[in-house]
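Here the structure is laid out as structure tokens; the discussion comes afterwards.
Per-chain residue numbering starts at 1, and chain names A, B, C and D are given in the order in which the chains are listed.
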């Protein structure tokens, strides 16, 4: 069966919505908006090394030195050393061009490898921007073209019905990944995510070229994105169904990976400062600045972001902390709106993580899934499987994923990361994906219109649970609004993890913008209608 | 968790019933009653060799000859040969006693092994009955005592919550069966069924003693019943939960096995003439007569019967023939009521047998399961898993059983035969039962109160399907009422299988009762309040 | 071409196992499970779970790497070569090349009562949208049903001047199906009926096993009636061409 | 006692397997799967299903009988012997027999960011209703969190005059956990810190592996904080009795 792609994904509002109070939802949204506002001034006043490297990449600066350090890193490091980064890398590139470099690449090389001090900038910002104008335009055109190419294949081939089946590959070797991506697609996958090598998010550069060794995943590199896309491009013609590629941009290189994803036609990016802060101990200031710029790119590129609230339930209890997921989704939505992302690109994450030994856990999962679906009706919600409470008993785990799949289709989730029966054992084998796909196909088809049958008993446990979670989220947003986001993160309001504003990795890479800071790429992105 | 045993099993009427028309249900019941009436005259006027052997067993006639042929068979064969069976074996036993045999055992031995013709009966029926009176009483007392013993342990220990988890063992060796029954109970089973050896239902005697060789199952013998009951008696004390034993009486020895089950404290018996007719090609007249007597015993013994309508969906299509299951359940209910069985002992069978590739199959299964539950509210409904559409892909099959378990708990089925992931491969290995139990425990607990959440969308597919199936069943019952049961069976109204009234096995064993037919056991059973 | 199992990467040999040991769950039992896998030749054994399947039974799920490498090209399996004719073509070929109705008789034999398989092949309704042999105007098909003994089936074939005998065997416990179905061929041989076409089918049957048991062909799960008809007709036409007729 | 796998009956040796072969689904592929199982020493192999897992990949589920028989009595596994003391008892014993707070420092080391396990042992909240080491008045517990390198962890242990170092390792792909955790012991040896108690934990750790990697003990899934505390206190008390103190 083939469904016409709904305009990005448009969820037909629940036939029988939970009787929750819309006013509370509206107030949550307003509170979250004010929370995000509270952070935005900081974001506007700062740049980061990764943002500046991204500007260079957008200008076409490419390549790496003999030891694999990308030119953009060498270049920005030099500007930082010269204490000129507050003006923005674009200023320096422009200055080099005004003094003879034929293009940004040559300008960057001069900066990176030149000897002696960097020359002082003598031109006005307007002059500098003008020097870059054609390249700025080209940078945006490149993103737009990648988007157009994607949208054309997608319109031509169509996608599978939702929930879209999202599968991960994680062999460490990009060629194995591509082979397994194809096999997964042949077995029914709609979306392939190539998991990154452990701890890539903690390194402050993007590796270069095709890679064949990684741990628990494969390095995210531009070349690797290309290799997988090429495999999917070929495969989707055979299958007559558009295939989507996902990678991860959360981490120290968030905007750079967003940019690489944009030009390499990625369809989705895991993109969430909160994930980096809480689960990778990345400095909050750093990654919130990075996130803004990265989302501007993503918005322009038509990529769907995936946020990581699902992870909260691995460190915090899924029954007690369900409301923190909702609260964080409201905040993430506010951040995303601020960066110009339409709702249709906001793949907010949540998960089936309640301890499987709890009575009526299925009812609570239903409540939460339906609640999220209703609160974020146009959003391509990402529904994550049970992970923490999986067991080495693969049969039992597969059964758990069966109920998960049922909730997914019954509550009309948009993107579903299929559960793996071997979740607690290893990154998926080829056969694990096959088993998951076949199982999901059965459930999705057998319960195709189940969502239309469900009238929620107003006196029942599902409705009561949904109301309770929403009201707790509402209260939490009230607190966060009062104390401010930095303080909320620091006191462990999310995921039971405490992260101080000045702790974690990457703070040194946050730089106050000078008055004459120049970033024509950001300016262009902010103009995006 | 332990639930107090509901009075036998009492289903709390669906919180949110399907909006079906009660008048149609009442009319179905009335039609089925008339269908059963149409057959009853025949039943009342006939006896069978198996009924007569049962009478002998009730009088304590026991043992087998050197080649393993039970004494009751030798005895009845002799009476048949003497063309005296129309008077009932009891007459001949009584006559022997009036001419000196000290008890029915000795009387039977004289008849079976005596030389020359059997002497003509000279006493009146009243005299004959009087001679047997103390033995008749003892026979009934034996049944009542077995019942009391069962009910006492059951009240003392309590049973698990419903759906009761029903598991089969089928090693062929009764000692292995007993060991596996214990293991299954330890892993959570409430009910253990020992599957019979292939084709036992076609042989016209009950084997004698403990047996260690069978095909696809283990011989049903009195000794084997004892061995398993002893194992369960011991095990239930350790587990603090009453354990139930099931065996099969459908087939040529239906009343005899019912009697053995009654005195050996079986908790449930598969007991269904329709099953024998359709799936074993047993003569319809024979087995309907046998069924009546067997159910009289079962009623007195407090045993739950299990009927076999679930099987219809293996030979007929589960979507198209769903209504034949309902129609047959109404008829089976009528037959059971006629034999004095209370609703609480009627474990009517139905099954999750729709082809798994069909869209919305889960919705149709829900509709049917809820419909059966509602129509038969006090009955300990038996919910059977998918079998025909299982596959050698055990992971997929296990997933299918997950949805099956969910429907079971969501629609408050009483007895659930757990699905086996290896259904299409082999009779269950020990580990297959473990996997099924662990899976069911998860689903039952996670969705414990799901039934209370479900308000059926009156415009939805589930309600529409339930209404359609009921109205088709109603129409079919109208047809069957008109044509009569014999003709309906002969034309393939059930299970797509055609069985003529005079075809199949065992017709020769049906005998018209003479005017002076004597069966004090039946008389006593029919007096049962 | 060497073929090894494929888990996470090509040729890693990773496979999954599950099994029960009749011992109580304990660290020792888990170690026994590991050793069990090693004795099967597996390396890097991971006992992913030990479950208490009963007081004295432990159930294990394990993964390990196997060195087993198969010389794939040298594997050969007999496959039934069946022309892919449809209903119309089959009737047409019978009409034109055989010129009389083809007679088939089928049953589910021995103690086996699983008729659904043979019904799917013979009865009107057919299987998965493919009409059964009864529906073919140029085939005269007889389904004797369940639990038919071998002698009865062969006698009926004789009576009906059958071209082909269709045997269905579903029950396999303790190799019931092997004994019963090879016995049929024995008897046919004695009866001098081996000129008939003998087809064996069932969920655990394949062509290889069919041949081993003395049948002309074996058919497994998912077989469609038109495949069976095509096979029979193809052989009959070829035989006719070679001048072998009905005996 | 000889132990064999138990499927349907004692000692039948029946086991289940599943695996993928990198070949397209076909009768030949299925035969290859059968041969694969036979090469593992299995008999009566039944390939229950062949699934098309991709154009050039086939997934199989199979059953077979294995002759493997284990001499169960001769299997021995090192097991950590931990007294079963509870929260109160542990504090009391420390107070009375050690007379000062016991210092522990723990981390999830190397590139591993899976803190849930070490948090379950150390943090206040604990695990499955059993309070974490931080909650013990007589234990001074320090949780350094995720991705701590071995050198930092050992330096911190030195600074804090720790009695025990708790290492958590969850990531196992390409044997990351083995390398990283044995490296820690190497360094400790060089630093002359081997007098400290070293505990290793994680989902793929057991006592045997802990010992092999040079740790004093290994703890696997389901470990409770009170077990860890009991183990540490027990060893410290015994050492004290023997006159070994803190180095």
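Here is the rule we use: contacts are C-beta pairs under 8 Å (C-beta built on N, C-alpha and C of every residue); 3 or more make two chains touch, one makes a residue touch a chain.
Everything numeric here is computed off the predicted structure, so don't read it as measured data.
S.K.: Let me spell it out: compute each chain's centre from its C-alpha atoms, then which one is farthest from chain D's centre?
M.R.: That would be chain B.
S.K.: Go through A-C and A-D and name the pair with more C-beta contacts between its chains.
M.R.: Between the two chain pairs, A-D has more contacting C-beta pairs.
S.K.: Using mean CA coordinates as chain centres, what's the chain A-chain C distance in Å?
M.R.: 51
S.K.: Taking the mean of the CA coordinates per chain, how far is chain B from chain C in Å?
M.R.: 33
S.K.: Roughly how many whole angstrom separate the Cα centroids of chain C and chain D?
M.R.: Spacing between the chain centres: roughly 46 Å.
S.K.: List, in ascending order, every residue of chain C touching at least 2 other chains.
M.R.: Chain C, residues with two or more chain partners: 6-7, 10, 14, 16, 18-20, 46, 51, 57.
S.K.: Note the residues in chain A that touch 2 or more other chains, in rising order.
M.R.: In chain A, 393-395, 424, 426-427, 429-431, 435, 438 touch at least two other chains.
S.K.: Chain A touches which residues of chain C in the complex?
M.R.: Within the complex, chain C touches chain A at residues 6-10, 14, 16, 18, 46-49, 51, 61, 63.
S.K.: Mind listing the chain A positions that touch chain B in their complex?
M.R.: Touching chain B from chain A are residues 15-16, 356-363, 366, 393-396, 398-403, 406, 421, 435, 438-439, 442-443, 445-450, 452-457, 460-462.
S.K.: Quick check: in the complex, which residue numbers of chain C touch chain B?
M.R.: Answer in residue numbers: 18-20, 51-57, 59, 111-113, 115-116, 119, 145-147, 171-174, 176, 203.
S.K.: What does chain A use to touch chain D in their complex?
M.R.: Against chain D, chain A makes touches at 172, 182-184, 186-187, 198-199, 202, 215-216, 279-281, 314-315, 388, 424, 426-427, 429-431, 434-435, 438.
S.K.: Provide the residue numbers of chain C that touch chain D in the complex, in ascending order.
M.R.: Answer in residue numbers: 3, 5-7, 10, 14-23, 27-28, 30-32, 35-36, 39-41, 46, 57, 66, 68, 70, 72, 75-77, 79, 204, 206-208.
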